[in-house]
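We call the chains A, B, C, D, E and F, going by the order they appear; numbering starts again at 1 in every chain.
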Amino acid sequence: MLSMLRPTPIVPTVDFDRDGAQHGFLRLPYSRDDSAWGSVMIPICVIRNGTGPTALLTGGNHGDEYEGPLALFELARTLDPKDVSGTVIIVPAMNYPAFQAGTRTSPIDRGNMNRAFPGRPDGTVTEKIADYFQRELLPRANIVLDFHSGGRTLDFLPFCAAHILPDKTQEEKAFAAVEAFSAPYSMKMLEIDAVGMYDTAAEDLGKVFVTTELGGGGTSRAHTVRVARRGVMNVLRHAGIVAGEVETTPTQWLDMPSGDCFSFAEEGGMVETLVDLGDPVKEGDVVACIHATSRTGQAPQEIRAKMTGILTARHFPGLIKAGDCAAVIAVEV
Amino acid sequence: MLSMLRPTPIVPTVDFDRDGAQHGFLRLPYSRDDSAWGSVMIPICVIRNGTGPTALLTGGNHGDEYEGPLALFELARTLDPKDVSGTVIIVPAMNYPAFQAGTRTSPIDRGNMNRAFPGRPDGTVTEKIADYFQRELLPRANIVLDFHSGGRTLDFLPFCAAHILPDKTQEEKAFAAVEAFSAPYSMKMLEIDAVGMYDTAAEDLGKVFVTTELGGGGTSRAHTVRVARRGVMNVLRHAGIVAGEVETTPTQWLDMPSGDCFSFAEEGGMVETLVDLGDPVKEGDVVACIHATSRTGQAPQEIRAKMTGILTARHFPGLIKAGDCAAVIAVEV
Amino acid sequence: MLSMLRPTPIVPTVDFDRDGAQHGFLRLPYSRDDSAWGSVMIPICVIRNGTGPTALLTGGNHGDEYEGPLALFELARTLDPKDVSGTVIIVPAMNYPAFQAGTRTSPIDRGNMNRAFPGRPDGTVTEKIADYFQRELLPRANIVLDFHSGGRTLDFLPFCAAHILPDKTQEEKAFAAVEAFSAPYSMKMLEIDAVGMYDTAAEDLGKVFVTTELGGGGTSRAHTVRVARRGVMNVLRHAGIVAGEVETTPTQWLDMPSGDCFSFAEEGGMVETLVDLGDPVKEGDVVACIHATSRTGQAPQEIRAKMTGILTARHFPGLIKAGDCAAVIAVEV
Amino acid sequence: MLSMLRPTPIVPTVDFDRDGAQHGFLRLPYSRDDSAWGSVMIPICVIRNGTGPTALLTGGNHGDEYEGPLALFELARTLDPKDVSGTVIIVPAMNYPAFQAGTRTSPIDRGNMNRAFPGRPDGTVTEKIADYFQRELLPRANIVLDFHSGGRTLDFLPFCAAHILPDKTQEEKAFAAVEAFSAPYSMKMLEIDAVGMYDTAAEDLGKVFVTTELGGGGTSRAHTVRVARRGVMNVLRHAGIVAGEVETTPTQWLDMPSGDCFSFAEEGGMVETLVDLGDPVKEGDVVACIHATSRTGQAPQEIRAKMTGILTARHFPGLIKAGDCAAVIAVEV
Amino acid sequence: MLSMLRPTPIVPTVDFDRDGAQHGFLRLPYSRDDSAWGSVMIPICVIRNGTGPTALLTGGNHGDEYEGPLALFELARTLDPKDVSGTVIIVPAMNYPAFQAGTRTSPIDRGNMNRAFPGRPDGTVTEKIADYFQRELLPRANIVLDFHSGGRTLDFLPFCAAHILPDKTQEEKAFAAVEAFSAPYSMKMLEIDAVGMYDTAAEDLGKVFVTTELGGGGTSRAHTVRVARRGVMNVLRHAGIVAGEVETTPTQWLDMPSGDCFSFAEEGGMVETLVDLGDPVKEGDVVACIHATSRTGQAPQEIRAKMTGILTARHFPGLIKAGDCAAVIAVEV
Amino acid sequence: MLSMLRPTPIVPTVDFDRDGAQHGFLRLPYSRDDSAWGSVMIPICVIRNGTGPTALLTGGNHGDEYEGPLALFELARTLDPKDVSGTVIIVPAMNYPAFQAGTRTSPIDRGNMNRAFPGRPDGTVTEKIADYFQRELLPRANIVLDFHSGGRTLDFLPFCAAHILPDKTQEEKAFAAVEAFSAPYSMKMLEIDAVGMYDTAAEDLGKVFVTTELGGGGTSRAHTVRVARRGVMNVLRHAGIVAGEVETTPTQWLDMPSGDCFSFAEEGGMVETLVDLGDPVKEGDVVACIHATSRTGQAPQEIRAKMTGILTARHFPGLIKAGDCAAVIAVEV
């Protein structure tokens, strides 16, 4: 059915089949009030040396997550084609308009890139980018690494992850890549609602797909950036694209066995997380309080853990709204 | 000269001279398009027992800093008048419109409360609040504790601080209160440009004034909230308003000897802080890089430390603009 | 065809098959810049006692209409399950984001709930809510009462209404429920363009569907709220869900026989309605004037009645734009 | 001191000393991004016949109040200079930018015209208009009539009013003009905080000053517009500028004896006014409820009358914020 | 397939089959927060005399282009039905909401009218207008003239144009009409990506379609307006709808042979076009510079011509963004 | 009196007394929601060689005028200190926040730099910049050249200008510098309302002050940029700071003898200028028409010339508002 679609309007200024390091753009025409003949210029780097496997490396799927872009802009600048066997395609900021704005979604169409797949060549800007990955970039890849962090509104323990998949061979390859990444934590994820995700798009095409959550809050830390940089090199080594041994460090595997991992706020207010990330939590503990702020003297709403584990993610901003996820607990395995 | 000013338009719904715990409002009439006869309702709590000294405790001077409001809303809810000798006035969110919006400055007039003193009774909403503190609340206080953190755009090592003052008796009392607060770090600050600050307003009236920076990023951590809660109780004990011993813990005193502490970005881009808060830095070290993001393959701008010390504060968001302070270094003393 | 659709993403926190009164939410996951893992929390109340008929009661289909939400929040709070035979499902604010904002349409996607049916499970927030009503709530109902008023931009005589339908048995049941509601006025409506309406969605499923227009201007009056409260109890009694007699009061039936009922402005300006709601109007009378406001001394544009009747609705704000409906006339029958 | 001020930048296109009817503008230069050499063009009409007294008639002091502009645009269009003895100066929309936007305050500078007096010739746009009235128009007038209504956020019983003044002769003249206006209600107002008001500016210059509140909600009704039109003609007859008898109708005098007239909301929510305008209220009655809307099943906050009287004004929109005035009670005298 | 679509919601107030000159509206119902029963009122003029051919004349396809609307509002006002044989349908501002706002796209839905065809009767406002042209207006026409200029962000040499078409008879008729228009320049365009264009919609229905680019910058000049007015009369004469000879003037034919005509900016900054419109350019010449503005002393980015010709269009605003088209070169033929 | 003011908060990163070419910033601390410790970084270049006279060269006084910034960024990049005798201080974009936004006024405070003098060290950002020029830069200068163009909303014939001054020696020096600039046109300006202007601030300090209007529309043309570049070099040669002869070309002197030069619109609409810049106009000619756009068939409002001369400036955008200056006529002398 995809073959019936119009061609993509995106024009790359790089040649995917040329050896060497190229720094260019995916140019996406975008007519708007402040530029009738304007374009979105998404930076792309292709580093190729011969006919080995292809890794597709992406950050900025959400525009307010920085470990990925920091690792990938540096990799693009420093990776020598001589050290490569095959091809490394680097798009450090997939949802480039969102990345420029420092927001999760695109300021142009409020598109959430990770819910926009498979995209449309005649859709919104976000859908056109998704379509280009779906039909042009993913088919070129053997292994796909997509960096995430918590963004401005969530904070995570740093982990690398892959999905539990129906094809156990594919799943095994993905977990092996996660192991190679060597983040402080590693996660096996069971995706309940996978519709529209880049992850699913890649996996449905049979690719080895690895992702991360490496912090959050709309910033990065020196420590988490180091994790990202070591991880991406480890994955390239693991894939045989860069020579050398994977630099392993111990990782703690985590599991999120059910929806009881998640705690949602039922009232808005000022949120206080009573434990920090990585701290142990017992079922029934108060993990967070939501304080009413319209007057003093009111008792806070308590949010209790529905399972025992460690605090793995939390709402980041000091204010919270009804319906926001306040805390996530995972189990050490 | 102040006696010539018009009376404040603010009407308190609490009686500052009544014993017991009162939860009320400072009601500030504010006519606007969506409410011709509206008001700003600033929560205030007065806990009084007899004729001892008065502590004025404030948070939310900047609206995106949470350790103070979290400590003070709880204190207002839990402090028993029977445990008090004197008066505790608690305004957990001074710039209440900013606090409600989760922003540093007021969404009404973009007023920065800490540059609005002494305020004006016929000025903007922010200036009217400042005037009320200047003429009504500060004169009632013996000791003033004003909580700050880094807010959404800065992150700090947790410290309590007071200013170097011309009146050395007043200064000594303030540093004694800082010592009592028992934050992990303590700071002696020399204010270069003190115009408009609440700090200066209090100090000029001869008050013992103590402030903090307890984290940042527009969030709070369980750890820093514990520091804030212990600190405010320690200050009340130190002032003789609450009975009992100050709970001391070790603190590291810091100094910011010159303008060389501050490093500013000269170009905008994606910022990477190469060391984490509390890490040692040597003069000449690269403390931060600013990466151009318009294309791959470009060398980052390096920001080098102008002095040796520890990283004490940093720009928080992943993106930075020209002119933003990227890093602050302080010296351990 | 609907069976091919994805399941709804909405998770109710109430159990529709449990006896008693439950106060909960329809939780609709909504990822956005200010909350990556946020949700819309739509209040819902289920009051059930055994296996009798089910009434589905809704307000806030448009977010700036208040008689319905006022009647339904109170009903949810006060209706005793012991007084019920069957089930009462109450959603006092269908388009909850619009209701929170006080606007006709949703601030999230500008969705007009009453043009969004049958909705889509993978559509906008408004479409997801419509889909939930279409596939989950409407099928449970025997009788449906949806409250409307004029909102911020229209004002109506208070009436209850049902549609002229091809199925005369269904129509007769609906008009009987209108009669039971006992509003000051009652209306037989012929819907010309029924595409996307909740009304049509309910009627196409064979439900008895009753609606109202009970005032407007983005406010409520004590009088119209009393009409709404009496009306909803009357409908529940009429349906046999609550015991007791319908409290009847006289009603005046109205008819809107043709498009000549509506008068539109062809120029913008300051509008003056020359008669008040309920006043008689003769064909050819000037019902409204539009005054140019760019200078004094200019003759107003006159809008004349195209039929004889009473003024039933009018443009509410003092300014009007070209294309706005200025006045509606109905005929007493 | 005023004589030291710079001259006004406003240029009138009418000649105040010429007989006949002139329709022109007060042109106020206003340089802005969308027009470097733009101006605000405030419509003004001067109708003069010989050397009798001068009435200054204004509406649109707040931009969302319509009875005044409707009466005055019509008066400007229809008043024949032959019927005048003296001068009638009509500015139907004082805060013209606010009037064009349909908002209480100016969209240019958020200026509330009735808190901007005496204005400044080098201030904001609103202050420049106020200064022009202060120094150019008020000195020409013998009697001043300024129309108000409740605007979008308040609704009033229709009344004409004047202030209790230290100069009892001036006060008596003003109440005589109120009596002549012949609104359904008449009010004696004691202004507590008169700073910045047009009323005060006129009264301080010794003028007979009359004002009104004639409805509200950001609309007008046929009934209240008739009150306004009759009232302005009555005032002109009373002043001897137009010949003929004042058309009197009965009026009910009201008094607002203390701050207990006003009830403020302490929590936001959905407001329900339990009595309608003009209904009697007894001390202790619940006049309004504020319903929490975040979930069903919660008891509303009740607002009780602090005195016995009739409901004279109320908050208009269906939603209310903490600090908004919910209800005003006045006493019949 | 179009026959399965719902009928258009647009109601015209003109009768296309009535002789004489009619000035009316296409009324498009549009419910929104500030008018529940509002409409978009698109001006339309029909001038008919008997049964000759029909010309459909449009401007304001993009809302910031003025030569077309200026020519067509005047034509509608001045063309005498007696001078017509057949029908002239004039819509001076197709995308009327965009035209009112002075923006390229619609402020309602950001719709680009020239990418919205064939439109949808149940789509956005822009799509509903496109659908009306597609199904109601285009079928009535024999010849279609659609005026464009560069808008606020581009500036063009003034030319009239038609497309190279597969049906050479249709193409020949179109170029004959271009010749008749007699603009200073004439262009043969090969459309690469014609999806969604009004041009394509008309051509696919077999109509003779002529378009223009007559200047730009969001303004008009006396000279280009004269070109537009003469051109439209010439086209009507050429089509036999108005009697008399075409007023010919010399025209220079241009060709845009390949994508090398277009030069795009790869960095944002302050743009300087080194030649003016109509000036000759040689392959390799620097046609534009982009100056970095964050500091002085930096070399500009040079944009060089990829072919020899004349400068035919350019970016208009002083600032440029990465991806904007900076310059267009065409070849004289 | 100025000596009583606080010191400027602006910190320059250049040394005004050092020989050579320096590229730096005026750093103005600016605390805001998105950067608590942010700054505005205004580019400045100082080129000095020994002790000759000082020229202060500025552009971007209004942020949407480009000939000045284009000439001055280039001059800063290319002027060799060896070719200088004295000092050249270049600030290519005075109101740098406005320049970055491409708007006339500052997006921070809507400040119009040319109405902000003498500024305030504790005022808005725009006032702080003005104060720095007033107290720090102007006193260093002997000759001041400030570039203007029409900006986005006006278009001018290209001219250089100086003011008629009470000090005829100062005036003569200024006109000599205008003559040296050698623009196509030269203007003697009599400033009616000079309050707040940079021009006046410089002249009051006794400086030789020269300004320009070199086009407009928010763009630049190759021709006008060449005029600007030649002009600034000519002024430096004329001042003896750069060696060599002034490159003279013929100039036409113009005069604006009275307020009859200016024509203002009294109604908004679509504007058509009937003559182009530089065309002759006779008293009584229609110079512009304003077309109503709400429907077809309406006669335009005509604006007639009040004097004979040439069209010297015009409103630029296609739409116009009441009060906008539509056309300016000057007299050739």
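Just so we're on the same page, contacts are C-beta pairs under 8 Å (C-beta built on N, C-alpha and C of every residue); 3 or more make two chains touch, one makes a residue touch a chain.
Note that the structure is predicted; figures quoted are calculated from it, not measured.
J.: Taking B-D as the reference interface, which entry in A-E, C-F or E-F shares over half of its contact pairs by residue number?
T.: A-E
J.: Could you tell me which chain lies farthest from subunit B when each chain's centre is the average position of its Cα atoms?
T.: E
J.: Would you kindly say which chain has the C-alpha centre located farthest from the C-alpha centre of subunit F?
T.: The most remote chain is C.
J.: Sort out for me whether B-F or C-F is joined by the greater number of C-beta contact pairs.
T.: Of the two interfaces, C-F and B-F, more C-beta pairs touch across B-F.
J.: With centres defined as the mean C-alpha position, give me the subunit C-subunit E separation in Å.
T.: 43
J.: Could you give the separation in Å between the centres of subunit C and subunit D, each centre being the mean of its C-alpha atoms?
T.: 35
J.: Based only on mean CA positions, could you tell me how far subunit A sits from subunit D in angstrom?
T.: 58
J.: Which residues belonging to subunit B are in contact with no fewer than two other chains?
T.: Subunit B, residues with two or more chain partners: 25, 41, 64, 266, 294-295, 317, 322.
J.: Taking all chains into account, which pairs touch?
T.: A-B, A-C, A-D, A-E, B-D, B-E, B-F, C-D, C-E, C-F, D-F, E-F
J.: List the residues on subunit C that touch subunit E in their complex, please.
T.: For this pair, the touching residues of subunit C are 62, 64, 103-105, 110, 112, 115, 150-154, 193, 195-196, 262, 264, 266, 315, 317, 321-325.
J.: For subunit F, which residues are in contact with subunit B within the complex?
T.: 6, 9, 25, 27-28, 30-41, 122
J.: Give every residue of subunit D touching subunit C within the complex, in rising order.
T.: 21, 23-25, 41, 43-45, 64-66, 69-70, 73-74, 76-77, 90, 92-93, 99-100, 102, 155, 217-223, 225, 270, 272-276, 279, 291, 293-299, 316-319
J.: Okay, in this complex, where on subunit B does subunit E touch?
T.: The touching residues are 266-268, 294-295, 322.
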